[in-house]
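In C-alpha cells below, several structures.
One chain, chain A, links the two complexes that follow: it is found with chain B in the first and with chain C in the second.
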Partner chain A sequence: MFDINNPTFMRLDIPLKLSLVLLLIVSAFVGSWQTNLLTMLALSSVGFILLLTQASLVQHKKLFLRFTLLTILFSAFIIILNGIFLREGDQLASVLSVSFYQGGLEFGLTTAFRLAVISTSLFLFFTTTPIRELIYFFQHVGVPAPLVVILFLTLHFTIQLPLRVNQIFTAQEARGASVRGGVFGRAKALFVILFPLILSSISETLERGAALEARGFRGNFSSGQEIRYPIYSVALAWTFVAVAFVLIILTILR
Partner chain B sequence: MRRKIAEEFAGPMLPFIAFCVALNLTVGQITALLKLPVYLDSIGTVLLAVLSGPISAIVAGSFANLIASAFGNPPMMFFIPVVVVIGGVSGVIAKLGWFRRWYLIVLGGILLGIPTAALSSVISAYVFGGVTMGAADFIVLFFRSQGFTLHQSTLFQAFIMDPVDKIITYLVVFAVVRNLPQRLLHRFPGAGNVRHQQPDIHAS
Partner chain C sequence: MTPAIALEKFSLRYSAMSHWALSDLTFQIPRGSCCAILGQTGAGKSTLLHTLSGLLGKHHRSAESSGSLQVMDSGDISLPRESLFPRVGMVLQDPYVMVSGLYETVDEEISFTLQNLNYSRDQISHRVQQTLATLNLETFASRHPTHLSGGEVQRVALACILVAQPDILLLDEPRNSLDSAGQETVARIIKDFRGKTTVLFTDYQIDLALAIADHILVLDGGRCIFNGNKSAFLKHNEEFTSILIPDEWKDVIPALAAPTSKAVRNSQRIAKLFGLDYA
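After this line comes the complex of A and B, so read on.
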C-alpha cells in the first residue's frame, strides 16, 4: 500500500538513485531525440506525482514547477534557434518569412532533449536526497574526511555568499558607486563588490579554520552512522551501472 | 608529494577551500547583477592555486562544477577536465612567481586561455553539440550559420572568449592577493607565490 508518510522514492537508496542517474545520463547521449523526449516526460511525471503525493516534498513544489517551465522554454529556444540558423537539409516551413530547416531542427531537438533529460534526472536526485544522507553515503564509500568537511562548508558558503553580495551591492550603490553605468563603470563596480567580499570572507575562513583546529579536527572523523544497503538494492544499482557501461561500449563500437 | 597534499588540505585550510568553491558559484551572480559579458567562474580556483596549491585548486574547481550541475547547469560537470587544466597551470604559474608582476599575469592568462579553449571546444562540440546553456551558444550559432563546422565554430568561440576571461580572472586574483594584509597572507602555504618571503628575524 502507498503510504504518504513513508515516501517510497525517498527511501530508494543513494547508490541505486546514483546508478539510475548515471544510466539516464548515458542513455541521454546514446538515445535518439524521441527516446529522450519520452524519458523526459516520464521523469517529469514521476516528479509531479512525488510532489503531489509526498508531504515531505511540498517545499520543492514551486521550485519544480519553475524548473519544468524553464526547461520547456529553454528547449523550445534551442530548437527554434537551430531550426532557423542551421540551414541544413530541406526547408520545412516558413513563418513570417522566417524559414525552418530540417537538419537544424533535428539537431536542436537532439541537443535540447538531451540536456533536458540530464537536468531533470539530476534535479530529481538532489530534491529527493537529503544532504545529510548524501554526506553519510560519502563517508560510507570512503571519501576522505577533509573532502566531506569541504562539501559541508561549501553548502554554508553557497547560502551565505549571495546574501553578502546583495548587502555589499546595495551598500556600494548607496555610496554612489556606478553599478548601473557604462561597461567600464560596471567593470569597476565588480572590483568594488569583489574586494570586500573576498577579503572579509578570507578572514572568516581563517577564523573557522582556527576553530576547527582548536576543536581537535585533524582530518578524520569518529566512526559515524553505519549504513547497510539491502542486497536487492545493491544488485539493482550494479545492474544499472553494467547497462550504462554496455551502452557506452555499444556506442563506441557502432 | 604526500606532505604537499597534507599541507594543502590541513584543517585550517578547509573553510578557505570551501569558500573558493562557493566563490566560483557566486561570481556568476555578480557578473549577472552588473550585466558584464564575462564568466569569471574560475576566480576561486585560481585564488586557491595561488594561495594554497594546484591540488586543492583542482579539487575545489571540480566540486564547484559538480555543484553547479546539481543546481541546474548540468553541462558543467562535463567540463571538469578544463578545471583540472586551470588548477594545474595556475598552480605552476604561481609557483614560478608570475603572480608578483602584472605583465607576467597577462601572459599567464593568455597561456592558460589556449589549452582551456582547445579542451572546452572539444567537449562543447562532441558532448553537447555546441549548446552549453550559456551566452556563448549565440556565438557558436553565429559561426555555424556562416557555414563553419560544429568543431570549428566552438573552437572560434572558445578562442574569442577564453583568453580574455582568463586574463581578467588572473588580474582580479592578482589585485586581490596583492592587497591582502600581510598578517592574513602569511597564514597560507602559498604566501611565497605572491611576495618574497622575509626571513624571520626572531627565528634565531
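After this line comes the complex of A and C, so read on.
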C-alpha cells in the first residue's frame, strides 16, 4: 500500500519517472480527448495530493495552483477558438450569433487536453525532481559531459525564468509602468521585457558557466557515490518505454 | 623568491580587430601580499583578473597578447589558455552565479569544488569544516545556499574557492552590492589572508584599498596610471585621497610633502577618472 506520508512515494526513481512521462506524452498523442481529460484529472489530483501533503514541496503549492488555473483557462481558450473558427461538422449551438461547430470543438478538445497532459506531466516531473539528481542520471546513462553541462545550464535558466520575469516586472513598476494590471496588461508588459529578459538570461548563463569553471569543473558532475536504481524500478521503467513504443507502432499501423 | 604575479609590458585585446583592453602593463605582486586594483567601470579591472585566472584565454580563443605574464612559478606563459584553478582561485563579481544550484545545503555546495578536484570523501569533509570555520559559516552549513542574504552568499562564494586553498585569490569587486556590515566582514576576511595567500581584488573606491592593501594599481582605459605601495599612493596623490576617503580616515593620513608637478598631474588624472573636481 502507498503511504502518502512516506517520502519514497514521492521520490520515485528518475528512470521510472522519465519513462512514465514518455508514456504519458505518447498516450496524449494517441488517446482520445476523453482519455486525455481523465489522465489530466488524475495527474492534477496526484499533483495536489503531493504538493499539499509533502513539506519539501510546499514552496511549489502556489505555483501549481497558478499552473492549474492557467491550464484550465488556456484549454478553454483553445476549445472555444476551434469551436468558432473550425467550421466542420454540425452546428451545435449559437451564442450571441456566434456559432459553435462539432468538428471544431472536438479538434479543440483533443488539442487542449493533449497539451494539458504533456505540460502537467512535465511540470510534476520537474517539481519533484531536483536538478542534481537529473544531472547525475544523465551522466550515469552516459550522456556526453558537454551535453550534460548544456542541459544543466538550460534547466537552471528555465527555473530562474519566473524569478527573473518578476524582478524585471518590479523594476518596470518602479519606473511607473503598469505591468500587473490584468491579463492584457501583463501580456503587453511581457512583450516589452522580452528583450532585456533574454539578454540578461544569456549573460547569466555564460557567467554561471564561467563560475563552474572557476570552481574547477571539468564537465563531470559527481554525486560522491555510485548511483544504483532498484531492479523493480528499472524493469518497470523499461515496461513503460515498451508500452509507449507499442502504442506508437499500433497507431502507425492502424 | 619569484613574485606571485609578474607582468612585463603586457597588452591584451579580444581579437586582432579590437582595441587593446589592457595596454603595456608592467608590475609585480609579491607572494602573500594584498593588492587592490582600482579604476572606473571599463578600466580593465575584470579583464585583468579573468586573464590571470586563465578563464579569458580559454573563452576568447581569438584573444591576442603581447609582452610577458608569469603566475607563480609558471614561467612566461604570455596568455594562459586554461583555467589555472586551483592554484589561482577567482570569485566572480556576482556571487550568486558562484552557487551551482545543485545542492541544498551550504556545506554540500562548498564540497562540490573539491569533488571537481577528485578529493576523497574524508579530505572533503575535513577541508569543508576548516573553511566553514575560517569564514564563520558554521551556523549556515545546513542552510540552502540560495536562501541567504547578499553578504552571506558572498562568503559562501568565497568559501567555494578558498576550500581549494589557492595560492592566489582573485576577487572581482568583492563588496559589490553589500551593506556596510557585509563590507566590513569581507574586508576582515581579506585582511586575515594577508601574508598567507596572495590576494588581488578590484574596487572602484579607495577606502578598502587604503585599509587592507599593501599594493595599489590604478587602471584607466586598460593602462596602469599608478603602481606602488600605499604610502607612495598617499604621497603622490594627496589631493585626490583627501577628496575620496571618508572623513574618519582624514585624521590618520600623515602630513605629506608638497606634491610634485608630476604627482599633481597624476592626481588630476585620477580625480577625473573618478569624476571628481580636482582643486
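The rule is simple: the second predicted complex is superposed on the first by the 172 of 254 C-alpha atoms of A that agree within 3 Å, B and C clash if a C-alpha of one lies under 4 Å from a C-alpha of the other, contacts with A are read in each partner's own complex, and residues count from 1 in each chain.
Everything below uses one rule, namely that contacts are C-beta pairs under 8 Å (C-beta built on N, C-alpha and C of every residue); 3 or more make two chains touch, one makes a residue touch a chain.
Since the structure is predicted, the reported quantities are computational estimates derived from the model, not experimental observations.
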Quiz item: More residues of chain A are touched by which partner: chain B or chain C?
Solution: B
Exercise. Scan A:Q139 for contacts with chain B and chain C and give back first, second, both or neither.
Key: neither
Quiz item: Looking at the overlay, what does A:R208 touch: chain B (first), chain C (second), both, or neither?
Solution: both
Quiz item: Touch check for A:H156: first (chain B), second (chain C), both, or neither?
Solution: both
Quiz item: What is the contact status of A:S233 with respect to chain B (first) and chain C (second): first, second, both, or neither?
Solution: neither
Self-check item: Partner chain in contact with A:Q102 - chain B first, chain C second, else both or neither
Solution: neither
Practice problem: Go through the superposed model and pick first if A:L194 touches only chain B, second if only chain C, both, or neither. | Solution: first
Exercise. Report for A:I131: first if it touches chain B alone, second if chain C alone, otherwise both or neither.
Key: second
Quiz item: Where on chain A do the contacts from chain B and from chain C line up?
Solution: 152, 156, 204, 208, 210, 212-213, 217-218
Quiz prompt | chain B residues touching chain A - in the complex, by the definition given at the top | solution = 6, 9-19, 21-23, 25-27, 29-31, 33-36, 43, 47, 59-60, 63, 67, 69-70, 72, 74-75, 127-131, 133, 137, 141-142, 144-145, 172, 175-176, 179-180, 184, 187
Quiz prompt | Of all residues in chain A, those that touch chain B in their complex | solution = 29, 67, 70, 74, 78, 81-82, 85-87, 107, 110-112, 114-115, 118-119, 122-123, 125-126, 146-147, 149-154, 156-158, 160-162, 165, 169, 179, 183, 186-187, 189-191, 193-195, 198-199, 201-206, 208-210, 212-213, 217-219
Exercise. Flag every residue of chain C that touches chain A in the complex, lowest number first.
Key: 53, 55, 58-59, 83, 85-86, 89-92, 94, 97-98, 100-104, 111-113, 115-117, 121, 124, 160-161, 164
Exercise. Would you tell me which residues of chain A are touching chain C in their complex?
Key: 130-132, 135, 152, 156, 159, 204, 207-208, 210-218, 220-222, 224
